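To keep things simple, chains are lettered A, B, C and D as they appear, and every chain counts its residues starting from 1.
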Amino acid sequence: MGLIDIARSKSPWILHFDAGACNGCDIEILACLTPVYDVERFGIINIGNPKHADVLLVTGTVNKRSARVLRNLYDQMPDPKAVVAIGACALSGGVFHECYNVLGGVDSVLPVDVYVPGCAPKPEAIIEGVVMALGKMQEREHARKRGAA
Amino acid sequence: MTEAARPPIAPVCDVQPTRPVSVGDLVAAVEAMAARRLRFVTATCLDMGGRFDIYYHFADGVKLDNLLVTIPREAELPSITAVYLGAFLVENEMKELFGINVVDIAIDYKGRLFMTELDQPHPMAKVQSGATPAGQGE
Amino acid sequence: MAQRTVIPFGPQHPVLPEPIQLKLTLKDEIVEEALPHIGYVHRGVEKAAERMDYTQNVFLVERICGICSFIHALCYCQGLERLMGLEVPRRAAYLRVIWSELHRLQSHHLWLGLYADAFGFESLFMEFWRSREMLMDIFEKTAGSRVIISACCIGGVRRDISDQHLQETLETLKTLEAAFDKSSEVMLNDYTVKKRTVGKGVLQADKAIMLGAAGPVLRASGVEQDARQTGFAAYDELRVEPVVETAGDCYARAKVRIREVRQSLDLVRRAIAGLPDTDIAVRPKGRPNGRTISRVEQPRGELLYFLAANGSQKLERLRVRTPTFANVAPLVHMLPGSELADVPVIVLSIDPCISCTER
Amino acid sequence: MMLSSVIRNLFSKPATRPFAPAARTAPQGYRGAVEFEEEVCIYCGACATRCPANAICVDRVAKSLEFDPFKCVQCGACAEACKKGCVQLQIDYQHPVAVRHTVAFHGPPKPTVAP
């Protein structure tokens, strides 16, 4: 494993986008940053710039307007990247399945690596999801390298 | 309704008092509300099939004072943003979601407040103008 | 020579956890015009509420906003109870007050933290959010969830709070208050905080009324209006005096919220002390019929639900007017004339909740 | 002011909660993952009609139940509606997964009906 891979797996930078959530999940993501859950002890940093990010956390149902922004953010992120869908809305639309302006879960727009169910998921679940996404990202990177070699 | 049992709560929050006004008198009635220094709360639009019932809610201290305008579908509704600028969001919302022809809104989003051009027009309306998408209407 | 530039602020912006776009027209560094563009989180809850069962709607409206979810459910249930002629047991009314006020505490702590973050005071953000976790623990213990507590139901509340939990809550609030004393002191008296907030984004009382501001934004401009004065739930017995400031700037809005935290602490204590011993819910009978308005006070301001029912299993219309929806117009009025660097502070000073606004 | 904060923080317990494996469990009554007890279920469909998210599908005739944990919002309406106590909300939260899945089960094999 190269130095960059190690650095990435030990210190993933996350980007958060709210595609149409009720704020519950967003606040829980922010709560992860605070002293009680303190994700920085795992090297996880929340960042505003998509070009610096490794993991994209998406909350909420996707509508047409936010799908465009979401796609845009995802395309700007450098490879390798992972997407974590957080909360029942991001997974399937959840309680908003009857709403007219809902396209469904995040996986209708982007490939999702890890699904974190719950409404709203506990910060523990979110951290667990990010850790899982890192594992998947690494696996994929290894597979790519093996394929290239 | 058994309203008498809880005197402090019920009278304050009901739709009473509601004063019906005609479309032509709406702006004048709203100006009268402004002269009394009432705070504009919001407007509520109900699609009754052939007509729209539109309530305008104003706060008089802790009490509410309401106006009710009934207009036929396709009719024009004057904007009250010249009096209460705060109404611009709700009027744009009515225009987009119900398809009410609200004219002269101060900040007009041209029926594109919430949704994109790709979406079906007026999702809240019970009768769809033009093609009715499946699952719409009652 | 002055140059005009248009700067899009958002939808994805470090200071805002939620997507809203403001098109700012600048003349050098001064904002001349601000135009909000929303619709990134619009779902269509009002229509969905017409298609779903009225009992299921309780869970739907709760998820309009994850920060004040209980109060949304309370407002909805209260409206339906009026339509169905239900009398809520007194204990349920008191429990509703306790949970609402805890939500207000939680929301104000959250806002104070985000606000501190907006002007770059990160340690203060951490202080407030650390205190906030105590409140989240109370929710977890008493209602079974951290965020969407689903404690309200038509006819009362879904679960009781045991005496032991009430005692624990009081203990926690004591710790919380001690921590709050320290951090709010900084928020009110620190030189740098004052520098960033005093005199920024001024809203006069007249303008606040004409633009239809709500909640702390309205009260910070010197208008004495608070929906809790209408006496819903148990507020008819636990009287509430509106917290009013007159300056109308960002500092005053922070001050209103800080004083409201103290008021809420007091209310929770009073509600726990006077908690009557009755049932916690009545079974709903019949179907709702008629039209009514239900108003409650959210942390962000007055929340209004308009309910129309026709005696069937489904509602005819559910209209939700959230406080941020009302506060967008005052925001558009406040921004022109301010410097670009102050925009995040002013935007946050109305405590924007975009998911509420767009539903 | 600042000095007192520094001293307080140096000598107080850490505010941070330990994460796995020493993570704390949620208090009693926490609404976590929804679990069904197959043996008890009578396929009445009460949970399905009450579910606000349409996460539960019950076929009363075929005696089968399908539950989509991805749609579930953990409101607990199903557990309240269930007369048999078949639906329960666990204290542990639902763990993240990498693939979509549903929970499905059905009743005892139907008595063979002549075609």
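Some notes on this structure:
Following the convention adopted for this analysis, a residue touches a chain if its C-beta (ideal position, glycine included) is under 8 Å from a C-beta of that chain, and two chains touch if they have at least 3 such contacts.
Worth saying up front: this structure is predicted, and the values here are computed from it rather than measured.
The central chain of the assembly on a C-alpha centroid basis is C. Computed centre separation for the pair chain B/chain D is 41 angstrom, with centres defined by C-alpha atoms. Centre-to-centre separation of chain C and chain D, using mean CA positions: 29 Å. Averaged Cα coordinates give chain B a centre that lies 23 Å from the centre of chain C. Multi-chain contact residues, meaning those touching two or more other chains, occur in chain B at positions 114-116, 123. Residues of chain C found to touch two or more other chains are 39, 42, 44, 47, 52, 59-60, 63, 130, 133, 148. Counting only residues that touch two or more partner chains, chain A has 35-36, 63, 65, 94-95, 100-101, 119, 122. The complete set of chain-chain contacts reads A-B, A-C, A-D, B-C, C-D. Of all residues in chain A, only 35-38, 41-42, 84, 88, 91-95, 97, 105, 113-119, 121-122, 124-125, 127-129, 132, 136 touch chain D in the complex they form. Those residues of chain C whose C-beta lies close enough to touch chain A in the complex are 11-14, 17-19, 39-45, 47-48, 51-52, 59-60, 63-67, 69, 110, 126, 129-130, 132-133, 136, 146-148, 353, 355. Listing the residues of chain D that touch chain C in their complex gives 1, 5, 15, 26-27, 29-31, 49-53, 73-77, 80, 89.
Interface residues of chain C, counted against chain B in their complex, comprise 35, 38-39, 42, 44, 46-47, 82-83, 85, 87, 209-213, 218, 223, 225-227, 229-232, 236, 290-295, 302, 304, 306, 308, 316-317, 319, 321, 325-326, 328-330, 332-333, 358.
Of all residues in chain D, those touching chain A in their complex are 15-17, 19-20, 23, 26, 52-54, 68-75, 93-98, 100.
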